[in-house]
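Report on the following structure.
As written, the chain order gives the labels A, B, C and D, with residue 1 at the start of each chain.
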Amino acid sequence: MQRTARRTTGGLALALAATLAITACGTQSQGDNTGSTESSSETGTADLAIVPSVQIDIDGQEVPVETSGDPVDPAGDGTAECAEGTSIAMAGALTGPNAALGQNILYGAKVAVDAFNAANAGCQITIKEFDTEGDPQKATQVAPQIVGDASVIALLGPAFSGETSATGDVFSQAGLPSLSASATNPDITKNGWKTFFRGLANDAVQGPAVAKYMVDTLGYEKVCVVQDNSDYGVGLAKEITAGLGDAADDSCSAEVKVGDKDFAAATQLISSSDADAVFYAGYYAEAAPFAQQLRDAGVDIPFVSADGTNDPQFVTQAGAASKGAILSCPCGPAPDEFASAYEALNGQAPGVYSVEGYDLATIMLTGIASGVTDRAGMLDFVTNYDGEGLARTYKWDDTGELSSALIWIYEVK
Amino acid sequence: MLVHDVLAADPLIGFDLAALGRNFWALTVDGLTYGAVYALVAVGYTLVYGVLRLINFAHSEIFMLGMFGQYATLLALGFYPSGDAFDKGILLTVLYLGIAMIGGMVVAGGAAVGLERVAYRPLRKRGAPSLVFLITAIGASFVIQEFVHFVLPALTGGELGGVNAEQPIRLVEPEVQFQIFGANVTNVTLIIIFSALILALATDMFINRTKFGRGIRAVAQDPVTATLMGVSRERIIMLTFLIGGILAGAAALLYTLRVPNGIIYSGGFILGIKAFSAAVLGGIGNLRGALLGGLLLGVMENYGQVVFGTEWRDVVAFVLLIVVLMFRPTGILGESLGRARA
Amino acid sequence: MSTSTPAENDGAPVPGPAAPARPRPELPPAGQTPVGQRPHGGAGDRLRLWWDALARPAQWAFGAPFVLFIALLPILNIPVLTTVGTNFGAVMAQFGMYALIAIGLNVVVGQAGLLDLGYVGFYAIGAYTLAILTSPDSPWNVTQPEGWLSDDWAWLAVLPVAVAITAMSGLVLGSPTLRLRGDYLAIVTLGFGEIVRLLADNLDEITGGGQGLKSVAYPRLGVTEELPNGVFSAGNVGSTLNSGVWWFWLSLVFIIISLLLVGNLERSRVGRAWVAIREDEDAAEIMGVPTFKFKLWAFVIGASIGGVSGAIYAGQVQFVIPTNFNIINSVLFLCAVVLGGQGNKLGVILGAFIIVYLPNFFLGRTSLFGIPIDGNAIANYKYLFFGVALMVLMIFRPQGLIPVRQKLLTYGRELYVAARRTLAKMPDGGPQAAYATSAPASGTVGTVGTPGSSGPAPTGHGPDGPDENGATGNDTTDGGNR
Amino acid sequence: MSNEPGGMGAGGDVGDAHLSLSADAGEPMAEKYLPGAGLDEPVLVDVTEVRPELADAALVDEIVAADREVLAEVGEPLLKMEDVSVVFGGLTALDSVTFDIRRGEILGLIGPNGAGKTTAFNAMTGVYRPTRGQVRFDGQVLGKAKRNQITRLGIARTFQNIRLFNEMTALENVVVGTDARHRTSVPGALLRTRRHRQEERDAIDRSMAILEFVGVGARATEKARNLSYGEQRRLEIARALATEPKLLCLDEPAAGFNPAEKEALMDLIRHIRDDGYTVLLIEHDMRLVRGVTDRIVVLEFGKVIADGSPEDVTSDPKVIAAYLGVPDEELAEGDADAPA
């Protein structure tokens, strides 16, 4: 009995080899032109990186990169004194499908806190992590714990717009200043909360800026807008489509789902339309396979996306297909020493929103260093704060939006 | 008043037959490519259901393990994962493809047999009702996913598994070979469809012509009598899971040819549910039904996306399933491997 | 064709003694434990008989203090029990919602035996009905600014509408699919759950799509100056009596109501019809049970209870987004029912508690009874533990933690009392002996049945052999020996 | 796979083309898997304690008696098989069968294996729709009625392989039978309307009486799967009686019984008939059939070959030939009209 089993599976394997042989001779006919794709395995994507190219303002015009003042150093002058156990909280998705984004923010903040604790022996700050799995209901369960913990005097988060809408009232009534590094839904700041500060430009700024940049500066007449179904993707796509106006070609616009890997139909729609560019509103986990399948289908029009895709993972996963992609981000380029400190501490390259996590944590730490001991003190410190961070200058208007919002444009070269 | 102007304002569900007309053949070719993968995975579901009356929910994770299996084989062969395609000449590429496919098959087949022994055999020994089997299958599906999610990166020092998808290793760069009715047919499509066809034929012959195949059909139709006739039920069940696993492993390689960055712990779940719907569409327990169901589902999904909008893909798949089951409860080709059981 | 019929060889016209029936040479089905070795639960039986003999009001009398204790749990702040990482009141509120869902799903899966893998669809419809009718973002908002409904009573007014719409969706899903059996029904309901989630995702003009609908209505009770929006608003976080606790009490009220209603159904013709359908649908149909009608009723009742729970969820979170109405939750609901014990209303509530409470128990906990543990990491492995727990449970305790103990008769109580009395005055020889000697009723043979037949009757429909009177014209196989 | 019978009209279950009475319920649920396993001490209850009046047998008979008004008087045909044929694909299971069952009698339906007894039984109880001819019951033609409607018309049946609701107690099984006559549905049960409460009380009284009547009263609170084989057979008859039928069909009720039990069963069947029911009995065991039936119909190869009193049917040469086959010498003379 045993032998026959082996022989049959052997037979199956033989049939298999035959299959491959047949298809091989199928590819034989075009054997000569595969030579064209040189690139032995080593060069690969090692040289491809996301390189900052230009900074644009809200109407897409290039703005000379003024060398902003040197960013505030979280270490401060090392003389900070604070009560024992003072801590800042971080709330966001640390597990579940979007865990990577939450971790980027947390690790960025840790770099700042480590620098602060190293320099200020008299004041050791701890980061208390609160995992919301990106689920609004879990956020409502975590919020009371954060507010209830008296030692927490500032909150870095909530990370996603959904969680922020669900728990905004909680933090505003508790007077706990909450600085979000990634919630970009424009109407969060329309709820009249005094304690919410958005650490980056919202979609209402990034959308029109990138749209006008594409139409005026890059000169695209027809752009296909593809969005995913996350609240980030939907919000951004709305702004971009509005900004593009009639340049948005809705015959090839499509909506895909978070977690999708197969974009055959969307690719076909785009390749059969005569668009000049594709704009993808969503995260890198879907942008990478989408870009790669576009290139496979022979669609080589420029691939434009935003901060959700502006992550080294996009380049590693999309490989050659990511060459020439244009990525916008309200975040400034992470300077090299931050990237090396980040890698040393967390063992991975900084990702999307890591810089914001660092900047906002730095603001809280400088607040504590300047003698703030409670939430009210921190609240008015942040409200009147005006200082330089790695990504941008941080100064908030009364609704919690950044006043000077500039967008960076990056390119994968 | 309110309702009217909302619906009229912007058609919630578009209906664009012209787009379908323009891209018909290209969508069909793409649809068949994905359909072939659905079909191979669907055969695994159909075999196990035919023999054991069990929806093997964990089969989607067997497919995912197959993806990691072929990826690990390529790593072992010294391929360094980078975004670019490798070009080592045709013969070498085919050789590596073959080895990787066999690697995927071994891992997936082994995992399927292991799954049967750990999860289902103890239940069979206790004569459990079918709902209990289903719950165990769902449990096993969670366990395998979280194993690859957390435990595998720990075991392999971060090489395999974890939160992000694996960096792709591309063996074959898609090159357009020829066009039928204006639709590009690339070498990747050719490899996938031909391999799937050959594997399907081999399985069909195996089930219908070999001694083992008869054993499977006998156990499917009447386990008690089959056992009385000297057919060892346990070995047949093990063999059924093995074949399902092998085909899933092969499908895994073919899938990663098309979607090299799909290798992630959660990569199999939705595809598995689609594949099972395809098996039910074709007629659960019916081998050819699974193949037909897979191809049909792949193609219908693509058409539905273009006609109604790409966000309606999964809805089209499930509505198709419900409609077919209402008018033809035993699926298009009707059940055959086992008894007709509504 | 091993089916044996009593008169294997055709008796001669002159009736010879009929050969005693050879027990079918069927293989004993795997895992059949002969009667003798079954655990003789002395105490368990007496306890169970005592509980059955209790009048229903008496049962509720025993239940009341227990329910009160559960209600006060978030306030008592018991050291180990109170969750650290997440707010205990909010966790209990989620438990309340999951318990309601478990009761509703138990009607469909536990009592009527219809495998429903798409139950989260009804939960979503309940939540979205409330959100669409009361959230300012949605075009069909009927509350104050645009509509006519005052904010204070919006939640309560929309609740019956949510229940009605969910019940109708149960009808819409049920009528075409309930002719299907077993595994087909499972896949179709799974499809239904996904379709509902995708509709919520894609119809973004109405449902807000991926961005969801925010500031959904909630009951504005207990408005004070420092709680401008009342105790149920998400803002009420300060004191121990935060919004989570109030929502937990509200869900407890609905749990008690649904337990009463489902209890009424269980003890009536409907409940008996459901269990008959679960046991043997064909036989039920022949015994006059309109199976299709009652299966549809099971779907509708299950759906409406799910709708109530969805409305409570939307009210508590005051923000509805399609992401967490996915297949994983559908499966978790099913596991709660199976874990607790299918068919047992109280058992499934325990199952729901385990599913909700256990992961939260570990979240953020750094030491357990002195042993330092990394709570977050353990909570991270949540699905791994659930998967393993399911597999292990299905092998060793498949009927769930509290197996079903169904009472299907409104007035059956006196019988149990009588049974208890006979059991009490049973001589030590045990009931078997007493039964054998006394032949209580006239005309009964009463003795142990044919040899080798005591205990689980060889009910004939053994594993798979087609039997004598099977239809499909297999008279030819009637005697099996032609 | 045997082909599906054509006209499965009754019961619109598309997927269930044939009434899979032999429903292969797959592996029977192992003991441990049945919820509530573990309670296995036979718990006995003295029904007369609860309902003292049930001690008096005559009253029990009176409660159990059939009071459904029947169009045909005693002796008139209650059910007529009018030239009924049932064809499955190529196989003619019944070939223009005509006989009737008169009210108040016990009719035996016998025949060698494969003679078509079961098909006739299924045709009568509306499980199959005849390919030709029709079945007239109590003046009505059994057209496309669903199976549960046929039970309400007044035909109740037992199964050859016992198909009780194992998880329910004996009393609950019988109460399900009485539910066939009840009209309370979900609204009634939810609001506990007067009708619902009334129906529940009647159901318990009637069911306990029926349990006493068939002699399984002591095991009322015992789960059906814990009853002995004999008791389960009787419980199935009780459940059929509970639907207040006009015609009670028993499908080999004595299968697996020893002679003493067969004797007791014959008393019970006579007792049922005396209580006003018409009984159809399908049976192999000629001794049992002769002992209890008033009239016998014999089927062979789907055709009626004899119809009359037990004495002359059992001495009819055709019947003997059908059962024993034709002795060689007669065959040699070729005079026996061996069936084609």
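Going forward, contacts are C-beta pairs under 8 Å (C-beta built on N, C-alpha and C of every residue); 3 or more make two chains touch, one makes a residue touch a chain.
Composition by chain, UniProt nomenclature: A = Branched-chain amino acid ABC transporter substrate-binding protein; C = Branched-chain amino acid ABC transporter permease; D = Lipopolysaccharide export system ATP-binding protein LptB.
What you see is a predicted model; the values in this text were computed from it and never measured.
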> If you take the chains that touch chain B and keep only those that also touch chain D, what is left?
Replying inline: C
>> Applying the document's contact definition, name the chain pair with more C-beta pairs in contact, C-D or B-C.
In response: C-D
>> So the centre of each chain is just the mean of its C-alpha atoms; given that, what is the distance between chain A and chain D in Å?
In response: 73
>> Centroid from C-alpha atoms only, then distance chain C to chain D, rounded to Å. What do you get?
In response: 35
> Where the CA atoms of chain B average out and where those of chain C average out, how many Å apart are those spots?
Replying inline: 32
>> Could you work out how far the Cα centre of chain A sits from that of chain C, in whole Å?
In response: 42
> In chain C, what residues contact two or more other chains?
Replying inline: 29-32, 179-181, 184, 201-202, 342, 380, 398, 462-465
> Counting only residues that touch at least 2 other chains, which ones in chain B make the list?
Replying inline: 53, 126-130, 132, 309, 311, 314, 329, 342
> What residues in chain A touch two or more of the other chains?
Replying inline: 229, 255, 257
> Which positions of chain C touch chain A when the two form their complex?
Replying inline: 84-87, 89-91, 94, 201-202, 204, 209-212, 214, 229, 233-235, 237-238, 242, 244, 313, 316-319, 321-324, 360, 363-364, 376, 379-380, 382
>> Residue numbers of chain A touching chain C in their complex, please.
In response: 94-95, 129-131, 134-138, 140-145, 147-148, 161-162, 165-167, 169-170, 172-174, 185, 228-231, 233-235, 255, 257
> Once bound in the complex, which stretches of chain A touch chain B?
Replying inline: 1, 4-5, 8-9, 11-13, 15-24, 26-31, 33-35, 37-39, 41-46, 48, 97, 99-100, 229, 251, 254-257, 259, 261-262, 264-266, 268-269, 271-272, 285, 288-289, 292-293, 296-298, 313, 315-322
> Of all residues in chain B, which touch chain A in the complex?
Replying inline: 19, 22-23, 26-27, 30-31, 33-34, 79-80, 82-87, 89-91, 93-94, 97-98, 101-102, 163-165, 167-168, 170, 172-177, 184, 186-188, 190-191, 194-195, 198-199, 201-202, 206, 210-212, 232, 235, 239, 242, 246, 250, 258-262, 266-267, 270, 301-302, 305-306, 309-311, 313-314
> Taking the complex as given, what residues does chain B use to touch chain C?
Replying inline: 2-3, 6, 9-10, 12-13, 49, 53, 55, 118-119, 122-136, 138-147, 150-151, 222-225, 227-228, 269, 273, 276-277, 280, 284, 309, 311-312, 314-315, 318-319, 321-322, 325-326, 329, 341-342
